[in-house]
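In what follows, a structure is listed as structure tokens, so that the remarks can point back to it.
Chain nomenclature is as follows: A, B, C, D and E, assigned in order of appearance, with residue numbering initiated at 1 for each chain independently.
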Amino acid sequence: MAYVVPFSHVLVLAAILFLLGAVCALARRNLIMILIGVEVMLSAAGLVFIGAAMRWQQLDGQAFVIFIMAVAASEVAIGLALILYSRRRTGTINADRYNLMKG
Amino acid sequence: MNIYAVIFYILGVLIVAFTVMAITRRNLMHAIVFLVGSFIATAVLFYLLGAPFLAIMEVVIYAGAIMVLFLFIVMMLEIEPEERDWWAGLRPWLWPLSLMGISLAVIFVYLIFASGSSHTLPMVMASPLAFGRFLFEKYWLGVEIASYLLFVALVGALYLGRGEETGG
Amino acid sequence: MMLNFPLLSIVVFFPLVAGFLCLATSNRQLLCRSIALVIAVTELGLVISLATINPHPVAGPTGTWMLVESHTWIPSLGMRYSLGMDGISYLLLVLTAFINVLCVLISWRSIIHRVGSFHFFLLFLESSVIGLFLATDLFLFYLFWEVQLIPMFFLVGIWGHERRVHAAIKFALFTLCGGLLMLLAIIGLYLLHGAQTGVYTFAYNELIKTQLSSTAQFWLYAAFLLAFAIKIPVVPLHTWLPDTHTHAPTAGSLDLAGLLLKTGFYALFRFAFPLFPDAARASLPILIGLGLVGLFYASWLALSQIDVKRLVAYSSIGHMGIMVVGVAVWNMMTLSGSILQMINHGLSTTALFIMVGMIDERLHSRKFENLGGLWYKMPVFSGFFLFFAMASLGLPGLNNFVGEILIIIGTFQVHPVIGILSFAGLVFGVIYILRMVQDTIFGTPVKEHHHVLFDLDFREGFTLVLLALPILFIGLHPGPVLRLLDHPVQHLLTQFSAIATVATGM
Amino acid sequence: MTVILFILLLFPLAGGVINAVIGRLLPRRVSEVIACLGVVGAFVMAAIAFGLGGWKSLHLIFFDWIKVGTFSAAFDVYYDPLAAVMILMVTFVSSLIHIYSVAFMREDTDYVRYFCYLNLFVFSMLVIALADSLLFVYLGWEGVGFCSYALIGFWYTNLDYALAGRKAFILTRIGDVTFGIALALFFYFFHSFSLQYINAHATTLSVTMATVFGLLLLWAAMGKSAQLPLTVWLPDAMAGPTPVSALIHAATMVTAGAYLLMRLFPVIHLSHMAMLVIAGTGAITTLYASFAALAQVDIKKVLAYSTISQVGYMILGVGAGDFVGGFFHLLSHSFFKSLLFLGAGCIIQACDEEHNIFKMGNLRRLLPHVYYPFLIGCLSLAAFPMIGGFLSKDRVLEATFIHPAPIYKAFWAIAFLAALLTVVYTFRMFFTAFLDRPDGRTADEIKPIPRLMTVILWPLAILAFCDGLLNLPFGPISNGLAKFLAAVPGARVDLGAPAAVSWGLGLGDAALVLVVLTLTYFVFRRPRPDFWGSLNETLFTAFYLDWLYLNLIARPYERFAAVLWRDVDERGINAGFENTAGGFKVLSSLMGLWTNGKLSTYLLMLLLGLTAMLTVLILSWHW
Amino acid sequence: MATDWIGLLPIIILSSGGVIIFLVGAFWRSRPRDLLFALALLTALAASVVTFLLPAARPNFAGLLDLGGYGRFFIFLLLFITIVTLLFLRQYSRTHGFSGDELYALLIFSVLGMVFTAIATNWAIFFLGLELLSLALYVLIAIRKGEPYGNEAALKYFIMGAVASAFLTFGLGLLYAMTGNLQIAGSLAAAQTYPDHLPVILIGLAFLMVGIGFKISIVPFHLWTPDVYEGSPAPITAFLSTGSKVALFAALLRFCLLVAPPVWDYAWPFFWALAVLTMAVGNLTALYQTHAKRLLAYSSIAQMGYLFMTLVAIKQGSLPAVMFYLAVYAIMDLGAFGIIGTFSKAPTFGIKGTLSKTPTDLEKLTDYQGLGYSHPWRAAILATCLISLTGLPPTAGFIGKLVLFRAVLHANFITLAVVGMLTVILSIYYYINFVVHLYMHERHHRGRLPSPDVAIGLACAVILLGILWLG
């Protein structure tokens, strides 16, 4: 049987990817970029699951990734619709401009 | 260190590099293109990690559907790249990056020094058929919910996308 | 003695339930007032007649109860609905019912808006206070303790004077602040008891047997004491009282001074002392000190007030000070004296508040600068005013004297210096009372006010006579009242014997 | 006997209560009659009681008052010769004054209140005189205090008058504190408040305790009897209607302090120290008040200071161990002083509310009906030989003189000097007011006064003139009063002074009084308002005592009250609470800034929370 | 097995109900006005009745769902919340013009998601349920088209939700990676099987906590709460603030109960700290609020803090207390937000048929002045809810607080209880201040307010009854 890499390396890669996504979501003010960050994060989570599935020799992890993809797709659908709708109304996609309510 | 490992590390570097490029682009178009690259590399990685079906799905859904959707929207919105000076562009990154650094350090420490995750991964492959059977046997309910999820997303997106009206 | 007929429950809940009638008739003011009056009087009658059922109770192991009642309520939490009445609670019950009658009477003309809900809240308050005086389950007690806040809050906040909202909120915050910490302490006690005996119950008679470490006692007692000290109020936790009094409607002040403050006292000696004897014993000197400070401090402050009602409010704090001393000295004489003084204060201060309310109704001012020379136009009023002022100042032959002298002489037997100081404190009382009398009914009449000043009408006169009679009665013949207290006080003393060597002959 | 005494007390009480409750509904005449009846009835009862058993000592209980555990106090009386005589005097004088008041108050519309207070006063005074339980005494004690307060400020529309009442009440109340303490202490030692019991068991007290009691009671007496240093209220008390001054501030209430000491004589008698202080207080007050009286211009103020001075003699008598002498002086004083006050009342009304003696003059001619009784009163006050006042004062002085302790000689000297000054100020007032002078009043400046008012003076005048007979130092009925009082514990029938001393003192006294009187005539024949020159101010203000009180105690007290309220309570405690609340609100609004409405912040918090958790986790990790 | 399938009935009813509503909405254009409402109500009612009547099922359905007593309690509670929300929504949605099929269908789907979240015994189902409820809520919040506040609220909630759920997903991934088990019970117990995996399990749980903490507004993940509550239509706020919280808490409770001791030993100090933070910040920030819905939002944060506080003692048997208080909390908050919704004015239309920019719900506390007299019943119920939230007797909130603090003290977390009580004291001020505005100020100038319909009356009655009966 051939071995790939230590599992922890997969996790490290996923963690870096996830945090990059998080940084994107946090640092960028552009709503679409935030959404892109979320996608990166979700994809990183998928990576963890796939690695784990391999680690445990189970299919559950892979099944979960399918669900993650479904979620990602629907989130993007709703999200982009919402962004579009907001942009139509206000003309901006800068996240911080949406501060009608605060305090 | 065998060939798989080499591929893994190359892919890893590729993914991170693409992602870093993607998230730092001012131009959304560029960002999305880089991201597609990142996703395709991820798909290959999935394949490497024994999930051929998911690899295809990754390409189709992420790199394909989702990113195309993004592109489409971006083009529709005609968003011009943000013009900011050097410092103003950097400032928002400070906090997230430093927090990320700390978190990452903690995770590293835990993963490397204090965990039992040093288990090396064996090379196996899940056949799409077995995977499909497994999915519908064990997680049929999950699939159902996922379908509702997509349905709700559809309805919601439709509702939000519809022009402003006062409903009935 | 167990009666099947839930007499005590009826006494507790009758006003509340009947109070809904007032709400229902709020559109027809006269009817509403009359109903409220009838309810209040009926309640008073009921309460008084309670004494006839078991006038000479046999002293039992848990106290000298005239009537008790007990049902399971929330068994899973160990809560019982248990009420018990002994001499002390009986007296306070009568006072409560009596003051409520007065409240209805004096609000006859001064409350003209939202009459229905006003009377409803009055009766609601009556219910809760009566319940509090009767509860023998700690949880039930706490329930009533907090419930009484709600009607009072509305009474002050809706029908009060200028800064009523501020006053109402202040009142609520202060009292709840203590109350909630007490809730923690109650739960703590309950759990400790449960852990020891395996029986989780809130019943006072069981909880009293709990063995507590001194630290636990200290903290639990501190929480109880804080709640009660705020309610009493003990200086320096008193600042809510003048504000609340000043801005409360007359009936609200009545209930506040006459009833709510008493609940703090009642709870202090009924619950806090016996439950945590060691901690309580250690706290007695502090309480005495605070009581004395309160007596002097409040009396002194009262002198410089510019608002009659505020003056009376401070006087109330001063009176509370001496009562705290009485309770804290804890012997037969001082305790009886303090309990009697609770009644006395309920009568005389109430009377003063009523009279200040009457002034306010006529002049729409309670500032001394607008008063003076009232005797000229309102001789009957002024006569009563003088009478009640003298009662409040402790003129012998009137009620306050009896209580005060009992407290002071009783104190003197144990701590002569404290006794002397408290006596001296009474002189401070004279000074501000005389100042009040001076600037209100004496002095040069203000001409511009003559057309609004009219003497008492029948209702007002009647109300004051109602008050004057018990004041005289207690002043001249407190025997029957004191006899009622004998056994319960004795029981309290044995439950919590603070000072092993009470003065000789005690 | 119980019934009689009960009714005796009931009469004035009923009078007062009836007037208080329904007096306003009754016709004026009825109300007056009720008031007078209440007192006259009491007098009758007192007389009957005196006749039936004035010489006995009886302890009678009406009913219980307060009873808790071993603490018990009842409404009970201790009727003994001292009390018998006292109530006789009180009811008698009060009766006359009531009747006088009917005339005096003829124009005042507030008569109901007046009579009500007056009746209540008589009741309270009788309680003091009779009560056995000290607590009951205390009831009377405070009762008279209250009535005095109410009556001083009777004309409440005048701010000064009302303030005077308040001052009186507060000062006497300050005195009462020690009475209260004494009560507590008595209870501590005897477990009883009964005078009789206490007197009977007084010997069980140690000397120290007796001293303490003596001093406590003395302080109480100082308040009530306006002795130094609590004198200042009495001159101000003259703000009340004159009959009130006569009754309360001369004849009865102010002597209550002395009376109390007499009642508890067995206790204080035990301590030489206490006796010494008592005597000293009496002597010094006597002199002090005499000096103050020298410069007064208000006729009532002169009398007021003279009252303080005379009460000083009574206290001195007690202090010298001869309370009989003190009591004798109390009696004669009550007669002549009420006489003088009533006379002054007539004068004042006749002169249209004029109090200043220098604005009178010519009254001998204009008011002959007042002149003679007033003269008798003055003579008695000045201790004109062989008049009641002389005999009683003489006995007090003699008792002081023969006291073995040397310091008493000094007291005697002081008191004797005061006696001579008495003559001066009395007749200074008398001459100035009554003698003819060109700038004096004229007939048309005199208002008619009812005859009743002058008629009433005569019984008092006769008594004042003749009351020496009660206790003549010689003759077949010598020491009558003393003998009568012999049953009272501690009473001395005869002072036991050598005859030479006794006669020498008496005659010397008499002679000097006559000399001084003569001198006074020559000096004050003409009105000389500024006779005392630079001393005038000091004397007039009674050595600035009032001023001192005002500026050292009253004003700082008030000011401190204001400071306490504004600065300590409002700005300190209350602001402390409110600022805490306000601080929370500020904190709250700062917290509100956190929710800044920006998604970037919100999102950052997610990572921040995560990082914080991870950091804490790794820091707290058990490696 | 048959009974297990019957146990699934409420879920089947809900999902088919949702689909039917959507179909009816899409294809029957000339339907009666109240049909959709009736259908939704019927669905919820039927589901709740079925839940109530069902025989006890085995607690683990196909390894995915818990249909036992615990699960059914929460199904019932969630359905109750739905019914009351529906009652409040009927008039509101009609006057605000969004009573279409989307509203009711999405509401039902959202409940479905909540139910799944609450009763899931598999991480996948939990995750999917959570997403379902979130997605439906995103749309529901923005359902008032063209209204800036709702739009902004939806946007904020969506972005936050998406990021948070990514955190949650990653956490689940780590958890799964370390335990190899997607069963909730199994994975949480696995810390004992693989003790050297503990650190990464804890990291995974930390990520998970971020996701859950966001949903139940635990400080510092709470910042969205006031904005979203303010912007959403009031009945939706009521639903959001109760339904999603109850569902998530049900799940969180399950996690905490199942988690293995070594993990818990590390975790509970975090819970402790978060509870203190949440109570303190929630109550403190509410103090100065003058905006009714924001005030209640902060208050609900604080309420979550109390629940969280009790959660710390979960291993010492505080479960019943938390469940009881959750129910009480749901009633109180539903009542408060629901009643606020009934005071909402119909939107006014601007020139070009666009909606005016002003929010239609009564915003400022000052807007509520004098309502106690002009609308005595509703104001009284609102006041009762507020008093109950304060925790004064004789309301359910009092018993609830009593039970909570009893549980906490019982577990010997004395400091925690004292801190909690101190924050309760802080909270008195703002609740009471609200009541003050209702009753103790003269009527503020304001246009006519809508009068309630029968459905609202019914809802009010239910709430009042609930509060007083539980008290």
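Note that a contact is a pair of C-beta atoms (placed from the backbone, for glycine too) under 8 Å apart; a residue touches a chain by one contact, two chains touch by 3 or more.
All values reported here derive from a predicted model rather than from experimental measurement.
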If a chain touches chain A and chain D alike, it appears here = B, E
Number of steps on the shortest touching-chain route linking chain A and chain C = 2
Among all chains, which one's averaged Cα position is nearest the averaged Cα position of every protein chain shown?
-> C
Computed over C-alpha atoms, the centroid farthest from that of chain E is that of chain D
By Cα centroid distance, the chain farthest from chain C is B
Among all chain pairs, the one with the most C-beta contacts = A-B
Between chain B and chain C, the Cα-mean centres are separated in Å by 71
Euclidean distance of C-alpha centroids - chain A vs chain B, Å | 5
Would you kindly tell me how far, in whole Å, the mean C-alpha position of chain D lies from that of chain C?
-> 37
Chain centres from averaged Cα atoms put chain D and chain E apart, in whole Å, by 78
Please list all residues of chain B that touch 2 or more other chains.
-> 92, 95-96, 100, 103, 106-107, 110-111, 114-115, 117, 138-139, 142, 146, 149, 152-153, 156, 160
In chain A, residues with contacts to at least two other chains | 7, 11, 21-22, 25-27, 29, 34-35, 37, 46-47, 51, 55, 60, 63, 67, 71, 74-75, 78, 82-83, 85, 95, 98, 100-103
Give me the residues of chain E that touch two or more other chains.
-> 124, 128, 131, 135, 138-139, 142, 146, 155-156, 159, 163, 167, 177, 199-200, 203, 226-227, 289, 429
Chain pairs in mutual contact under the definition given at the outset = A-B, A-D, A-E, B-D, B-E, C-D, C-E, D-E
Can you list the chain B residues touching chain D in their complex?
-> 92, 95-96, 99-100, 102-103, 106-107, 109-110, 114
Please name which positions on chain E make contact with chain D in the complex.
-> 155-156, 159-160, 163-164, 167, 199, 202-203, 206-207, 209-210, 213-214, 220-221, 223-224, 226-227, 266, 269-270, 281, 284-289, 426, 429
Please give the residue numbers of chain D that touch chain B in the complex, ascending.
-> 600, 604, 607-608, 610-611, 614-615, 617-618, 621, 623
Chain A-facing residues of chain B, complex | 2, 4-5, 8-9, 12, 15-16, 19-20, 22-23, 28, 31-32, 35, 38-39, 42, 45-46, 48-51, 53-54, 57-58, 61-62, 65-66, 69-70, 73-74, 76-77, 79, 82, 92-93, 95-97, 100, 103-104, 107-108, 111-112, 115, 117-124, 126, 130-131, 134-135, 138-139, 142, 146, 149-150, 152-154, 156-158, 160-161
Could you please specify the touching residues of chain E with respect to chain C in the complex?
-> 373, 387, 391-394, 398, 401-403, 405-406, 409-410, 414, 417-418, 421, 424-425, 428-429, 432-433, 435-436, 439-441
